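Note that the chains are named A, B, C, D and E in the order they appear, and that numbering of residues resets to 1 at the start of each chain.
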Amino acid sequence: MSVLSEMLRNLFSKPVTTRYPAERVPIPDGFRGRVGCADDRCIGCSKCSLVCPASAITMVDSPRMVEFKGRTLERKKRPSIALYQCIRCGLCERHCPADAIHLRNGQSINGSTLDEVVTCTL
Amino acid sequence: MIEPLTLDGVANAVAGVAGAVDKASTNRIRVRTTREGLRDVIRRVQWLLPCDRLVSISTVDTTESIELHYHLIGQHRTVVTVTVELPRDAPEIETVSDLLPSAALYERQIHDLFGVVFRGHPGLTRLILNDDWPRDEHPLRKDWKPVAGTFYGGAGRRGPG
Amino acid sequence: MTVSNRTFSGRLMTWARGKSPWVTIFNSGGCNACDIEIIACLMPRFDVERFGILSRGSPRHADILIVTGAVTRQQAPRLRRVWEQMPEPKYVIAVGACAAGGGVFQGLYHMVGSVDQVIPVDVFVAGCPPRPDEIINAVVTCLGLMAEDAVHGGRAWRTKATSEAVAEAIA
Amino acid sequence: MTRIVVPIGPQHPALKEPVNFRVVTDGERIVDLELNLSYSHRGIEKAAEQRDFIRVLPLIERVCGICSHSHATVFSKGIEEIMGVEIPPRAQYIRTIIAELERMHSHMLWLGVAAHEVGFNTLFMWTWRDREAVLDTLEELSGNRVHYNMNEIGGVRLDLSPSQVEAALARMPVLEERIRAYVGMVEDEETMLTRFRGVGSLSREEALSFGAVGPTARASGVDYDVRKDDPYLVYDEIPWNVVTDTNGDVYGRTKVRIGEIAESLGIVRHCLENLPGGPIRAEAPKAAPPGEILSRYEAPRGEVAHFIRTNGTARVERVDIRTPTLANWTSVAHCLIGRPLADVPVIVAAIDPCLSCTSRITLVKSGGDLGKDAPPPNGPRGWSR
Amino acid sequence: MTDPFLLIAYILLFPGFLFLFAYSMTFEFLDRRIVARMQNRVGPPFFQPFADLVKTLGKEVIDPRGVDRPIFDAAPVVALAAVMTSFLYVPIIGPSPLAFQGDLVLVLYLLTLPTLALMLLGWLSRNIYAAVGGIRAVTMLFIYEVPFFLALMMPTLMAGTWSISDIMAWQEEHLCLAILQPIAFIVALIGLQAKLERTPFDIPEAETEIVAGPWTELTGRRLALMHLANETSAVVGSALIAAVFLGGLAFPWTVESAILSATVGFLLFLAKTVAILLVLSIIRAATARVRLDQLNTIGWKYLTMAALAQVGIVLVMMASGVGI
C-alpha cells in the first residue's frame, strides 16, 4: 500500500510546485540561454556564422577598430543572430577566438513575429 | 561465456560460398560475397557460427555501386558483416526476410531510400517517403538532387480521408 | 466566435477564456524534445493546471494548439487538418527553433519548413528546446493576445495577413 | 461482431509523437494491424553527409530528443576510432556520467508514460516529478535540460567543476530512496499489475528472431547489452551488472527498467566519486582518414548502431543510423495480434518507442505472418553469460 | 410545503437546480484539487470548473459530417435534464417534498440516462473512436448496473420502503445502513465510480486508447452540457449514497428549532457527500484503468457475487431480527 500512503502523505504536505511566474525558477549558471555578443571584442572573423548548425548567424557590415591579443585591427563585419533560429548548441561560444559571443543564462523570447535579431551590443 | 569468433572460424564456415574474409575492426569480421551467394552466406553465418540476430542492414552509395552490409551477431558477441555490392543501374537482390524476420523492415527502408529491389519480399511498398514522392527518385543516392519546380508533396495536398 | 466586450456576458466569456485554456499537443515532426518539455509543464514541478490548462486528446475540445518541430512533408496536411478541426476561437503556439524556422533541420529534403507556412501561428517560442518556464511564458503571452483580441473584437487587428495568405494559398 | 478499422495516430493522445497504426479489430480484439511510422522522416542521414564534423553533431543529437547524448556519443566514438584518437579518461568519465543520467531520466520518463497509458496518472506525475531532479543535474552539468551537446570529436565540450560534482552527488540519496519506492509501487499496485502482467509477452526465441534490443530483449531473458558485449567508454572499468528478467511481458520490462535506473545511479555515483583529472579533450584532426566502422552503443531504449563511412574529408561519406525503436517494432507487431484494443497503448509504450529516432526510417508490416518461416539456428541460443 | 411558490423555489433555487449547479462546480473543484494534492501539485483554482463551463459554452459548435443534428443537440440536454430531475427526489434539507413510494427506482433510472445519451452521441458522431467508446459505455452499463442496483435495493429490503426519504427516516430510529450492510455500501461506492466513468472505470473515454471516446466530436455547448451532466451525476450519486447508506440528514440528538434542524441536516449532507467524494477521489488517484474484459470479471465474479451475498445476509438478519 505504498501508493496509498504516499498519496495521503502528499495530501497533507506542501506541493513541490514552483509557482512560476510568481516564484522564479532557478536557472543554473551554465545554462545555455539567450545568445549575446560583445561589440568591443568581436573581430569579425565569421567563425560563429560558419559553425552555426542552424544558420542563425549572418554577418553584417560594421567596420570598427578592435583590440585583439594586444594588437589593434580593423574588423569589417559583425554577427547578427536570429534569436528564433538559435538552437543553443554553444558552438559559436566554443569556437569564438575572441571570446566575444556568449550564451547567457537568460530566458528565451516569445512573440508573434519572427524578426527578433540580436546584434553586437556592449 | 562463449569465446569471440576468430577470423579462421568465420573463413571456414563460409568457405566456398564467399569471397574475402577480413577483420574490419575489433570484434567485427567482414565477409565479402556476391549477390548470388548472399543467401548461402547468410544461412551459413546464421547456422554454423551461429549468428542468430540481425543488427542492421547498412547501405552505402559509393557512386560506383551500392553496397549492402548485413551485420549479424550471436551469443559470441562478434559482429559478422556480410557485404554485397550491387550495380547502381540495376540494384536487385534476393530478400533475406524469410531467414531473418527483422530484415523485412530494413529492406523496405532501403528500397525506399536507395531504390534497391528485394526479390521475394512479401510487401515491398512505399513506406518512408511521402505518398506523392516521385517513384523513381531515391533521396539517399549520392546523385539525387531535388528537381527544381517539382513538388514533393506536403502542405499543398490534403491527406487521405 | 467573437464576443462583445461591453456586455456582461461578453466580459464573462473573455474572463472564462483567459482562465481555461485547454491545449492539444501536436508533434509535426520534431525530435520530441519539445514535447517532453511541454509535458513536463503539466507535471507537479510546474503544474500548469494552476492556470486551468488541461491537455486534451481531441482537438475538438482544445483552445490552443501547441505545435512542436519543423513540419515534415508527411505531417503538413495532418497539421492543417487538426487545426481545421479545432473550434473557434483557436490559437496556435509554435514551440522551439524548428517550429519557428526549421532550426537545425531547415532545408532537408523531407521538410516543409516552419509551422507558419502551414497554419497561422499566434505565438512563437525560441529555444531548442525551451525550458518549461519559457513555455509557460509563451502561454501567458497567448492569453494576453486573447484578451487583446476580445477588446478588438477578433484577431483581424493583428497583422497576420502574410501567413494567412500563405495558408490560404496552399489550402 | 463486424470488423472495424481503428486508426490510431498520427495525432493521438497515447502517442506523444506521430505514428499511425491502422488497427483492424474484431470487437475489442485486434486481428491485424499496419504500422506507418514515417511521419517524422526528415532526411537527417542525407544532411549529415553535407555538414562537417563540428556542425553535424548538433544535428545527430537531434535525431531524438530523449536519447540525444546516445546518438552524439555513438557518432563521435565512431569518428574517433577511425581517426585513431584516444580521448582522455576524464572525458570518458564525463561522457559516461551524462549517458547514465540520460538513461535514468529516460527510464523514469518511460515508467511515467507506461503508467499514464493504463490511466494511472498519479504514478505518471510522481515519476516525472522525480525526473526533474535528474534533469536539474543534467542542466547544471551541461547547460541544457535535453540537448546536452557535451560531445565533440576528441572529447567533451565542458569540464565539471568540483562544486558541480558535489551538487550532483548530493542529489543521489534522494533518488535512491525514490527508486526503492518505485520498486514497492510496481510490486503492490494491483490494478496496474493486472494491466502489465501477461501483456505483450515475448519469449526468448521470439525476442531473438525479431531482433528485439534493449530492455525489451533483456526482459525476455536475452542478455544483450552493448555495454558488456562491446565495452566502450569506461564500462569495462567500473562495477555494474546487466539487469535481466524472465517474465517477458510489460511487467518484466518495467522491472528491468527500474533495475537499470538503480544500476545507472550506481554508475553515476561511481564515476562522480572517481572522476580522474587531466584534460577533457584530445587534439583531433579536422578530417578523418578513409575508413568505415560500425559503432554500437547501448542507448536507454537499446542498441544504437551507426554505420559510418569516411572518405578523407571533414565530412562523412555515409552515416547509416539504426535506432533501437526500429529494431523493436517487429516484436511489437507480433505482440499486438490477438490482444484487446485497450492493450495497444501499453504494449507500444513498453518498448519505449522513440519515434523521432525511428521515423527517419519506416516500415509497414502486417504482423501476422512475421517470422513463420524462419529456421531456428542450431547453435546455442541461451544468450547468457 | 404545499405553497406552490415555495415548491418552485425549492425546485429552481434551493436546494434545487441553482444549488445543484453551484455544488456540482464545487464538487468538481474539490475532486480535481484533492487528486492534484495527492499527486503533489497545486491543482486548479476554485473557479476553474465554472470558467471551463462558461468557456466551453462560448465555443464554436461544429457538426461532424453527416450527423443527425437535432438528436445530436438533444442528447446532452436530455442527459442533463434527467440528472437534474433525479436530484429533486434526494433529501437535502429534510425529506424531499416530491418524495413518493418508489422514488429510489426513478432516481436510479434517471441516472442511467446520461450513459445512454453518451452511447447515442458516440454512435451519431460518425467517428470510430466515438463509436467504440459508445459500445464500451453500454457494455460497461450492463456490467456495473446489476451489482449497483442490487446494492441500493438492499436498504429497501431492510427498511421496508422504496422511498429514499423514508429509508433515511428509518435510519434515524435504527443503525446507519453502512454499518448494517457494509458489503452493499462498498459495492455501491464502486458502482458509483463506474457510473461516473472515473478511473479505474474510465474505459469509455480512455484517453490513451480512443482519444475521448463518445466525447471526441462534441464541441461548444454540447460538450459543456455533457460535462455538466457528468458533474451533477457525481453530486446526485453521492447524495443518494449518503441518504441511503449514511443516514443522510439524520443525527442522533434532536434539535428544537425547525430551521436549525434543517441547517444541521444540510451541513451533515455536505459533510457526508464530501466524505464520499474523498473516497471516490482516492480510488481515482490510486488505480490504473482496467480493461473491459477485466471489468467483466470484476463486475460479475466479485461485485455481483458480493451483492448477492449481502442479500442473503440481510435476509438472515431480518429473519433473526438483528439490527432491526
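We adopt the following convention: contacts are C-beta pairs under 8 Å (C-beta built on N, C-alpha and C of every residue); 3 or more make two chains touch, one makes a residue touch a chain.
Note that the structure is predicted; figures quoted are calculated from it, not measured.
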{"item": "Neighbouring chains shared between chain A and chain E, ordered by label", "value": "C, D"}
{"item": "Chain whose mean Cα position lies farthest from chain B", "value": "E"}
{"item": "Label of the chain whose CA centroid is most distant from the centroid of chain A", "value": "E"}
{"item": "Between D-E and B-D, the pair with more C-beta contacts", "value": "B-D"}
{"item": "Closest chain to global C-alpha mean, per-chain Cα centroids", "value": "D"}
{"item": "CA centroid of chain C to CA centroid of chain E, Å", "value": "36"}
{"item": "Distance between chain centroids, defined by C-alpha means - chain A, chain B (Å)", "value": "43"}
{"item": "Chain A and chain C: spacing of chain centres that average the CA atoms, whole Å", "value": "24"}
{"item": "Chain A and chain D, separation of their C-alpha mean positions in angstrom", "value": "29"}
{"item": "Sites on chain D at which at least two other chains make contact", "value": "12-13, 38, 41, 43, 46, 58-59, 62, 122, 125-126, 129, 147, 189"}
{"item": "Set of chain C residues in contact with two or more other chains", "value": "43-45, 47, 50, 56-57, 72, 74, 78, 103-104, 109-110, 128, 131"}
{"item": "Chain B residues counted as touching two or more neighbouring chains", "value": "129, 139"}
{"item": "Touching pairs - complete list by chain label", "value": "A-C, A-D, A-E, B-C, B-D, C-D, C-E, D-E"}
{"item": "Of all residues in chain C, those that touch chain E in their complex", "value": "1, 3, 12-13, 15-17, 19-20, 22, 43-44, 47, 49-50, 52, 56-58, 60-61, 63, 85, 87-89"}
{"item": "Complex interface listing, chain E residues touching chain C", "value": "32, 36, 39-45, 47-48, 50-56, 58-62, 207-208, 211-212, 215-220, 223"}
{"item": "Interface residues, chain D side, partner chain A - complex", "value": "51, 54-56, 58-59, 62, 122-123, 126, 129, 136, 139-144, 147, 149, 152, 157-158, 181, 184-185, 188-189"}
{"item": "Chain A contact footprint on chain C (complex, rising order)", "value": "44-47, 50, 97, 100-104, 106, 114, 116, 121-128, 130-134, 136-138, 140-141, 145, 158, 160"}
{"item": "Complex contacts: residues of chain E adjacent to chain A", "value": "34, 36-43, 282, 285-286"}
